[in-house]
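Sharing a structure below in structure tokens format, with a few things to ask.
Naming follows writing order (A, B and C), and every chain is counted from residue 1.
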Amino acid sequence: MNSVRLGEIVAALGGELRGDPAQAIARIAPLETAGGDAITFVAQAKLRTLLEASQAGAIVVAPSLVAAAPNDRSLVVTDDPYLYFARLTQWWAQRLRPVPPAGVHPSAYVAPDAQVAASAVIGPMAVVESGAVIGERVQLGAHCVVGAGSRVGADSVMHPRVTIAAGCSVGERCVFQSGAVIGADGFGIAPTQGRWERIEQLGGVRIGNDVDIGANTCVDRGALEDTVLEDGVKLDNQIQIGHNCHIGAHTVMAACVGIAGSTKVGRNVMIGGAAMIQGHIEIVDGVTVSASTMVMHSLRKKGVYTAIFPVDEHASWEKNAVTLRNLYALRERVRALEKAQKKE
Amino acid sequence: MNSVRLGEIVAALGGELRGDPAQAIARIAPLETAGGDAITFVAQAKLRTLLEASQAGAIVVAPSLVAAAPNDRSLVVTDDPYLYFARLTQWWAQRLRPVPPAGVHPSAYVAPDAQVAASAVIGPMAVVESGAVIGERVQLGAHCVVGAGSRVGADSVMHPRVTIAAGCSVGERCVFQSGAVIGADGFGIAPTQGRWERIEQLGGVRIGNDVDIGANTCVDRGALEDTVLEDGVKLDNQIQIGHNCHIGAHTVMAACVGIAGSTKVGRNVMIGGAAMIQGHIEIVDGVTVSASTMVMHSLRKKGVYTAIFPVDEHASWEKNAVTLRNLYALRERVRALEKAQKKE
Amino acid sequence: MNSVRLGEIVAALGGELRGDPAQAIARIAPLETAGGDAITFVAQAKLRTLLEASQAGAIVVAPSLVAAAPNDRSLVVTDDPYLYFARLTQWWAQRLRPVPPAGVHPSAYVAPDAQVAASAVIGPMAVVESGAVIGERVQLGAHCVVGAGSRVGADSVMHPRVTIAAGCSVGERCVFQSGAVIGADGFGIAPTQGRWERIEQLGGVRIGNDVDIGANTCVDRGALEDTVLEDGVKLDNQIQIGHNCHIGAHTVMAACVGIAGSTKVGRNVMIGGAAMIQGHIEIVDGVTVSASTMVMHSLRKKGVYTAIFPVDEHASWEKNAVTLRNLYALRERVRALEKAQKKE
């Protein structure tokens, strides 16, 4: 982890430098813990007090907060410090994690009729099955599987142990984390005489560009048509996307979300962790669903939607929960009281 | 995706054909989007309007809906169109996805004392450990692991990257999706002096015939005896079955369900997505548990059980949630009012 | 599964033997089902009736329950029978599951500059990447991946298909179940013009000694600093630990829990299955969170916290749920009644 010069950062990412371009930066650190060898950032005015006390060697800051920064620190002034920070992490990661040399690891298996770009990196024990197409500069980590006839677009990075089933397509510049499963069979069964008949899932999964998928997240293949994630969708870990869902561009979901089959989620939707979305409904563009919220019906109006039982000390919860089981009866009692009062 | 003749479908699957057996069918499609080259089905009377407007080349339909179908379409009349559709997808999948040739892929590892049927397909990088038994026509996908002494019954299909730990048994005609973990250690710990002592899990997992298990679903091994899934159980993705659970035949669970240890679930139970079931309880045959419902106690009577906080706009939710934290007090106030009223 | 002599058990694990040391014990079994060839235990006074009726050949029992045991059974008297049982399972497992011979399986890939202790066991198809360090007597199961520069401490056991990403460290005597993913990228994104910019995750994961991690559980790497699990943490299956969380020693979580990023959980905390914990909050030492509870704010006082919608028959739930959506209004009506009453 050799250090860089502050001037190199500004040369690469822009911003107005107020300080010495030769200053050494050894790390990126949070505002509270950054020392003299670190660069940090402050994106919220409410952090002004932390900013004033910061020991960071250099601070990325918005024009409005420049005055609050300690006098003797280097500053990088930019309109959107959080975005600057994001790009700084990308630049930093490229320095620290050089792309492995192109080529197929000797322990990998690539089917004879698969197409792997010469610039791609195929890791140890990876499997690329018949007819699959791996684009330029793709990185398949150890133990990845790309099924028959599937495609992974240029510059996408599959961390170790990502499984893409047969007949799926992944766009460019996607990043999938370990354990993700793309294209498992959707859950289709038909009842018959007290048991279940399997409905084979004949569709695939179609994933756009710049889509990120978290660890152990599953996106099921469609029953007849494709499950679709549009460009820029960002999924955290342990998410379940049912068959035939259609997720609009730049929609983001925190960990542990589940979306049942055939639901259509719009663009720029934000879904909090562990929210659960019913199947066969629609959520329009720009909706926010709070964490742990169960959505039972379509949300056709932009807004924030919530359904969380408020946490409480157990004894207090218990008394309220018992009452809740008789809530309708309580309402009837209030109604009776109101009626009696009116009569008086 | 070469097309078939309508007559081939009816020859294979039955039903009464009203139309030209030579008609070409290129795909199976949903009622709304099926074109002239597609076969579709309609299983619900409430879809009559869609049926009347359908552009499908052929329609699988119940006798009661024949009159509503457009005059110029081919029909396949059958008592249970949904079941017919399920079988049609199976027949179609067999056409499109030929079974790979039998044999062990050169990159797989099969322990010298494992038994693999000559008709089985062992995929790239798969591992079959010591003493394991792989039945006739079993397909193990890439990166599957079958642990020491475990058995996989005839005609079962393990998609890529299924892990079956040591000492487990899987029946015939099962289908497991990628990332499934069968036989991980159950969660057993004993407290001692502010820390936890591990309880080794000495049981296994016993899975019947025709069981389907979804992607990244886990079924833990038993502590002393076996965890059991009876015949025909169907589990969707990301499900957690704790140690020593016993799941009755033909019970079905949607994605993200969790069942804590030692719970007994009856036959033909239906559990909605993300429902959570307490440990050491019993759910009798034929119960339905709604999605996202937490079941804290045994359900000893057939019926539908639900526990969902109703979703609302956030501001409205917030006012109700605050009130909910004082619900018991509200009931006391109503009681006081009633008392006062009685005195009058 | 050859049997042991009762005397061997007591010699290894202690306790006061009342019975014949030469008695053969073929299995450990639950109190209800244990036969004459089995040893069982009883840890709770409320199980006295089961104890009186037990058919077990030998019973581990506390001094206070000795009198309730059938006269003709062998007893092992010990102060903490549950702990004794835990250690008995460990002793039993060591007998039944001999450690595989040390060495690297020929099908595994170990990078030339990785360090693998001579006493370690590296299973089939496992991958140990550049600069990784594998300690003494570590067992890496089939298909495990240890990323570049990561460390696994002595005596830790990784079941088949555990993935540890680059730059993480795992302590000694840890046990991770199949499908666990340690060090996937945390979910960091910055909004910009209707889409999302990736924040590279530059921290790692630091895991102490004696930590157990369940199947398909994910622990994300930190954004800038490390995600930390202290000594003795026990995580069940399908858990999600977000980036920069800090989990205190001997804290235990049942399956399907989710903890969002940057949350600090104290020591000896117990979190029930499927509980969800908001990000950027703090839970102090010794707190218990009930199953399926969503924690939206810091819990700064030791105690038991719960938030569960009580399950009910669907029709009853529906009436209560509708009323709940108007609960605040109901409170206003009660308030109006109270006001009217006061006026009288």
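What to note about this one:
In the analysis below, a contact is a pair of C-beta atoms (placed from the backbone, for glycine too) under 8 Å apart; a residue touches a chain by one contact, two chains touch by 3 or more.
Owing to the predicted nature of the structure, the values given are computational and were not obtained by experimental measurement.
Of all residue numbers used at the contact between chain A and chain B, under half are used by both chains, marking a mostly different-residue interface. For the two copies, chain B and chain C, the CA superposition rotation is 120 degrees, given to the nearest 5.
Each chain gets one centre point, the mean of its Cα atoms, and the points for chain A and chain B are 26 Å apart. For chain A, residues that reach two or more other chains under the stated contact definition are 125, 143, 161, 179, 216, 238, 256, 308-310, 312, 322, 324, 326-327, 330, 334, 337. Note for the complex: chain C touches chain A at residues 109, 125, 127, 129, 143, 145, 147, 161, 163, 165-166, 179, 181, 184-185, 187-192, 194-202, 216, 218, 220, 223-225, 238, 240, 242, 256, 258, 260, 276, 278, 290, 293-297, 303-310, 312, 316, 319-320, 322-324, 326-327, 330, 333-334, 337, 340. By the touch criterion given at the top, residues 27-30, 33, 80, 82-83, 85-87, 89-90, 92-93, 96-97, 105, 107, 123-125, 141-143, 159-161, 175, 177-179, 210, 212, 214-216, 232, 234, 236-238, 249-250, 252, 254-256, 268, 273-274, 291-292, 308-314, 317-318, 321-322, 324-328, 330-331, 334, 337-338, 341 of chain A touch chain C in their complex.
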